[in-house]
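When the chains are written out, they are named A, B and C in that same order, and each has its own residue count from 1.
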Amino acid sequence: MIYADDGSLSQEQRLMRDSCRAFVDDAVTPFIRSNWQREWDMSPGERLPRSILEGAETIGVRTLGVPEAHGGVDLEHDTEVRTFALISEEIARGDSGLADKLVQNWKVSILLREFAPKHLQDKWFPRLLADPQFLLAHCLTEPRGASDRWLPYNVPEAAMHTKAVLKDGHWVINGRKQFISNGFDASLYVVYANTDTSVGMLQGTSSFLVPRDTPGLTVTKCNETMGCRFMNNGELVFEDCRVPADHLLVQNTALGSAGKYFRAGKIIQAAKNLGVGVACFERTADYVQNYVQGGRILIKHQAVALRLADMATRIEAVRSLIERASRAVDEGHPDMDALCNMAKVYASEEIMKVATHALELHGGNGAMLEFGIEKLFRDAAIFLHMDATVDVSRMKIIKTMFPATAGKYAGPEN
Amino acid sequence: MSVLVLAEHNGLVLDDATARAVTAAILVDPDVHVLVAGRDCGAVAARAAMLAGVAKVLIADDGDLADQLCEPLAGLIAGLGERYDAFVAPATTSGKSVMPRVAALLDVMQISDVIAVEAPDRFRRPIYAGNIIQTVRSRDSKKVLTIRTSAFSPAPSEHAKPIEPVNFQRGPHLSSFVAKVMARSDRPELTSARIVVSGGRGLGSAENFEAVLAPLADALGAALGASRAAVDAGFVSNDLQVGQTGKIVAPDLYIACGISGAIQHLAGMKDSKVIVAINKDPEAPIFQVADYGLVADLFEAVPEIRAAMPAG
Amino acid sequence: MRIMVAVKRVVDPNVKVRLLADGSGIDLTGLKMTMNPFDEIAVEEAVRLRELAIASEVLVVSIGPDKATETLRTALAMGADRGLLIKTDAPIEPLSVAKLLRAAAIEEKPDLILLGKQAIDDDCNQTGQMLAAQLGWAQGTFASNLAVEGDAVTVTREVDGGSQTVRLVLPAVITVDLRLNEPRYASLPNIMKAKKKPIAERQPADYGIVVEQRLEIVRLEEPAGRLAGIKVGSATELVERLRSEAGVLS
């Protein structure tokens, strides 16, 4: 119980899960538990010590998605999303911010692998592999519009404000991106920008590869968030930022082409969220079996036991849905779009309840920064709107379930 | 027939572990002989001959046995196989090394780390780091045992019994002795001390071990111990480690300072008669096994305990 | 030089085992299994010798049910070259394990055999010594350091009260202790690569060995737990109680 069922996993998946768990138990959890103040270091560059990413390197988890030819690892394609889910859950069980740092790398590596010309892959994959601190970021969200853009209004007026224009063999990018995971730390970005103002977002958005040191790109700030604080969320400004023409990854249909990744992204999001829930359960189960109140350990008080049962039940339900949804994506099942959004939104709400129980079952200790339970609570809260809000996710479910009616008003995703 | 106990010694002094092994051996069969193997170790043999319950001491004197290397030692013992029903050694690092080799040469299973002898063929021993106690019956005609010394009290001394030389056939030289480095200490040996003062990660540094913990240990005439966390952090050398992967101790008084009480550590000390835990974390698992718990900063509490001790 | 490493699949050391309700055995249902931690250290040492080109090949052997291939696969992902599973579903004691390993060693002709000093389930600490005896080889137990020099290996052993260094003539059997090294993780890319490494499978009968139980397990029980005592208010009270109540201080 509580953990992924061995029976449904391949041998490789089990071994990967074990390596990730060992790394988290040996390095991540002890760091988080004994350095709780570090989270509140307002110098974001110093917050997570370099040794943690170096440690992540020893299990090879930063470079998933990099093709084997470039020194990365090719997962089994027919179970790739399930494997991503398993790994991200395990890392997030230690720290969801660290998990997000790594996940962004997988996401951008896949885009690079799928869409970048060979000479750019030859240039960037070796750099990514050589430096454990090398991070990637995916820049979609803007100050005026994020997941709400997906809803609906596939009309020119809802297009991205960031624009790219081809001029003298270079794409010139102007605009602003915010709430970008890894945005503050990344060395290489994939940036989405409008390249055709006459059509809707789905037909007029292109994606570009932008190295951090490109003139015209400024990382303006690190957003201080309530949870997931070991991932430095950043804000970027593009002012006549010029990249060579070959840095275009996908022209005009970038959002549709990235769909392949967006589904896996939803599952990973749900799985990270689940990892936070598992950590809540482990900590709480341990606490209520050791902490004595009124002469007996807490779990022997029935009211406590009932809450713990509720935590376990919600975790199992979330896990079941994630497993079904990840299988659907791996198998290309027609319901996959609805299922991956269901998994994402369901996980965010259920694990929030799990985290609430954890907080309450710890009594006063639950509120103490030093105890680390409130961190799990804050980390859980982030998932309610990270990578689409609860309401937007629900809209997308209905849109895919009823394409002829709700879908028509909202427009297809690809 | 009889039981042969392998004496643990350094060539000069008989280790107290031998006296404890004799106590266990008597429970297997009252006719107990002790084998002292080494070079010029007559003094050790004489001491062994005084252990109550020992009928006879065998002494094997040969240069090849001087360093207690397992290969010749196991050959010697197995060569005496015809004459004994059972072979007993303390579960020290040398006992643990040589006895399985003896068992294999006799084609019998060894029973490791025995904590109780229920019958001449039935023994109790811990498995899973002491979380489970197993009782086994040996179907082998000969028994080979290592015994956990903390589970048996040492046999007392009485009048001396005869000492007989035993013949040793040299075999091929498979291994040779290079060096031995013993940690020097004026304090009592960890596994046999009456009081153990142990420190954990909470000590914070090697200097604190010396400055804070050592004075208390010395005032009490106690041995110093440590948790694995403290050893891994480099505060003390690993021969002080108490726990499943270190030393198993069972003193009259065990004082754990700044030790949280990981399962691995508890396995090494939970048979102590009285356990005292000093830790600033009231939730530390060590308090669940402690007879006396003091929730306090050890840097204040330990000197206070030292001060509260009667002078001298 | 060829190295053989024996590895055992055991319950994860961080898991607290419990007895079945009827006391007939250990409740292993759903427990996380892993490679015996001391065996991981043995694999790591062999792989390091391989990386230093002191060893030319590392063979890992496990004895147990089908599931033990997972333990072999972990060792392959750490860097071993090939695996051998000697398949048996029967409970197996160190004496039989040593006999099977001896048979495998006679076939594979390793120059060095590495094992963990003990398995953390039965805590026997016997197999390596028994294997060395059966092969008539030198043994070095509790190794905290080892150095191969020509046809010998120098082993520093952790012994009570200090350390001892011995020189063993090869071929030899060495059992390793905790501080020999810090084993690496099986990294995700290496787990995928290990899929392609070969694992051979044998039965005890292939070696003409019948697995037998020399020890009958009469009873299993959980030790009587210690009850938590009392919390004292001060150092002075503690000393007073130790003196008057517990009688352990004079």
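Just so it is clear, a contact is a pair of C-beta atoms (placed from the backbone, for glycine too) under 8 Å apart; a residue touches a chain by one contact, two chains touch by 3 or more.
Quick caveat: nothing in here was measured; it's all calculated off a predicted structure.
**Student:** Going by CA means, which chain is nearest the middle of everything shown?
**Tutor:** C
**Student:** Top contact pair of chains, counted by C-beta pairs?
**Tutor:** B-C
**Student:** What is the distance in Å between the mean C-alpha positions of subunit B and subunit C?
**Tutor:** Here subunit B and subunit C have centroids separated by 21 Å.
**Student:** Go ahead and note the Å separation of the Cα centroids belonging to subunit A and subunit B.
**Tutor:** The answer is 53 Å.
**Student:** Can you compute the centre-to-centre distance for subunit A and subunit C, using the mean CA position of each chain? Integer Å is fine.
**Tutor:** Each chain's C-alpha centroid was found; their separation is 39 Å.
**Student:** Identify all positions of subunit C at which a residue touches two or more other chains, and write them in rising order.
**Tutor:** Subunit C, residues with two or more chain partners: 14.
**Student:** Which residue numbers or ranges of subunit A touch two or more of the other chains?
**Tutor:** Touching at least two other chains: none.
**Student:** Find every residue in subunit B that makes contact with two or more other chains and list them.
**Tutor:** Answer for subunit B, listing residues that touch two or more other chains: 288.
**Student:** Can you name the residues of subunit A that touch subunit C in the complex?
**Tutor:** For subunit A paired with subunit C, touching residues are 1, 3, 11-12, 14-16, 18-19, 22-23, 25, 58-61, 63-64, 72-75, 87.
**Student:** Mind pulling up the subunit B residues that touch subunit A in the complex?
**Tutor:** 283, 285, 288
**Student:** List the residues on subunit B that touch subunit C in their complex, please.
**Tutor:** Subunit B residues touching subunit C: 69-71, 74, 92-94, 96-105, 107-113, 122, 126-140, 173-183, 189, 191, 195, 220, 238-239, 244-245, 252-253, 263-264, 270, 273-276, 287-296, 301, 304-305, 307-310.
**Student:** Looking at the complex, which residues from subunit A come into contact with subunit B?
**Tutor:** Contacts found on subunit A: 290-291.
**Student:** Over in the complex, which subunit C residues touch subunit B? Could you list them?
**Tutor:** 11, 13-14, 16-17, 19, 26, 93-95, 98, 120-134, 137-142, 154, 157-169, 172, 178-179, 213-223, 226, 228-232, 234-236, 238-242, 246, 248-250
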